[in-house]
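Each chain carries a letter (A, B, C, D, E and F) given by its place in the written order, and its residues are counted from 1.
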């Protein structure tokens, strides 16, 4: 196993947790070989770059996905991911609120609705 | 002057610096009264919310603007703003790179080009 | 209560009707303080600007939301809002059809589907 | 000449004015036959539908183009078009300001900048 | 019946199959006259242009709809349409994977999910 | 040099030609290490997948970039790339025209303008 893949699996595990194997097999079933690309690229290459920690990468991801407004399943996954790597609920909510200025109020309200659902499904530690 | 406006002017000054008065009068000329809305809403209300500091708000803003890909002048302003409130060049570059996974590679390359131009126009402290 | 808030509540009531209090408390639960921003900014400041009446503002809102294609719940709310402030069903349909040229046919078809659902749920006066 | 084409040319002339023949020949040079589609579809079919006058259609178009943020040349053309069919400068500015709530502040500022340029290039009647 | 309409009905039938009459009456109910525009414009004019066959037009359509990420019902229709005019499942999947580079990974994953659902609902020939 | 990188450089060369080394060094200057990700991911992994040839991948890319409307420099590069791997001018124009139905007429007109510029700068073979 190459180093990039190893780092990718490790970071995917930190962000996605137990859901990683289902995520991988779902993608693999859709497009054979594409889950390798995702593990090695998204998690093993981009997310593993120095200069920004995983918490900050997850918050930037939430800002991006909320602004695009076309990625509800992925926003759900990364709100969970942000919590998994140590972001607080307040940090997540505030990043989503911040995008209202740049992507519009509906993007923010739809993002907040997803965050609320994710929060409700997790025990408060 | 109400408290929201006062906070707004203060935060706008921290982010935009000397450019604030030109920005305000440009907007005011375009749509009378709208600069008040921006000062009080964007800077005095949203950016002043507790729970996330200005550095993180600027990085979330850069993630949002890069992902949208439709806001070159505003991305330029906020790359400057992020530097003004204390973000490092590396943090800005990494937030832009992170969006490649979610908004596509062209969004990231166009964002990096803007960041490079802003960096080049500022003295390295 | 300041004047902007008062105007905001009045305009929100005109557009959203009985749903206003649920809307406000939903948002407030998601992001404390953000419903105040919306009432004072969206309804009390922007929508209350002179030079364009509420009917025209709601039709412009429908054109914007249909074109973005990422804001189904908000389009639903504003199709209702447009009817509440006196727009006709035909005006709403024609604004949605007009966007086909600029945002593409899928945006229009998805907008029309939402409008049809809203129309079906309201009694014809 | 069929009726749809005749109506299309008439409405295109009302909106675009003297620029119509250049617009048509530019498009025709790019994609032979596509200017006929535009004249008959955009102007002769959609814009000629009953239930909404040309002024309102142009304002909805401006709301759509401002919100998308990817169509600067077309927004310029339709700000001119809106003025040509009788919209006031204030109506145009207010439609653009209204989209700030739904498409974000950068979309509005970029739209206002285009409107300002168009206004500056036309004599005040 | 004019030639454009005749060609439009023929191409719509090739792409949409038995679903054509329901599609047309759904649209007609939403906006009277708009189904004629679609048949004559989309299918009879644009899709009938020489220089690109229907298979390639459907694959380009799938690339466009996946990238926009705002048109799930239309992507579903055109994945079916691509299969109807002779595209293979692999060609469809690969076009969707290709967009990951330009529109981001969530756009691709959401497109693949739709393709998988369409494939599952059709018998393997 | 790993196999993915080797394939990536080979495909990048086929698409981008002489411009490859400038492209790589530009990106590398913006975000150190990111050009490796692009070579290995975009060109060596995604573009090298079986099931779709490079001509078809470039046409799908043009459909995606035209529809997004936010990637003028990349659309320019890939119109050149499509010609480099053997697509005809007509195929490129028709893919861009096809997107008018799904992404709107402005997206198509702006895409056609870029294609026209690229065509004009290349000798007709």
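Quick note on the criterion: a contact is a pair of C-beta atoms (placed from the backbone, for glycine too) under 8 Å apart; a residue touches a chain by one contact, two chains touch by 3 or more.
All of these numbers come straight from a predicted model, not from anything done at the bench.
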Farthest from chain C by Cα centre, which chain is it? Let me know.
F
Per Cα centroids, the chain farthest from chain A
D
Separation of the C-alpha centres, chain A versus chain B, in whole Å, is 23
Whole-Å distance, C-alpha centre of chain A to that of chain D, is 40
Can you check how far apart chain A and chain F are, centre to centre, with Cα atoms defining each centre and the answer in Å?
28
Would you mind listing the residues of chain D that make contact with two or more other chains?
41-42, 46, 49, 65, 68, 70-71, 74, 93-94, 97, 100-107
Which category does the touching pattern between chains fall into here: line, ring, star, complete, or other?
complete
Which part of chain A faces chain F closely enough to touch in the complex?
2, 33, 37, 41, 45-46, 49
If we count contacts the way the header does, which residues on chain B are in touch with chain E in the complex?
100-107
Chain D touches which residues of chain C in the complex?
41-42, 46-47, 49, 51-52, 56-57, 59-68, 71, 74, 90-91, 93-95, 97-103
The answer for chain E against chain C in the complex is residues 27, 29-31, 34, 38, 42, 65, 68, 70-71, 73-74
Counting only contacts in the complex, chain F reaches chain D at residues 68-70, 93-94, 96-97, 100, 104-110, 112-113, 115-116
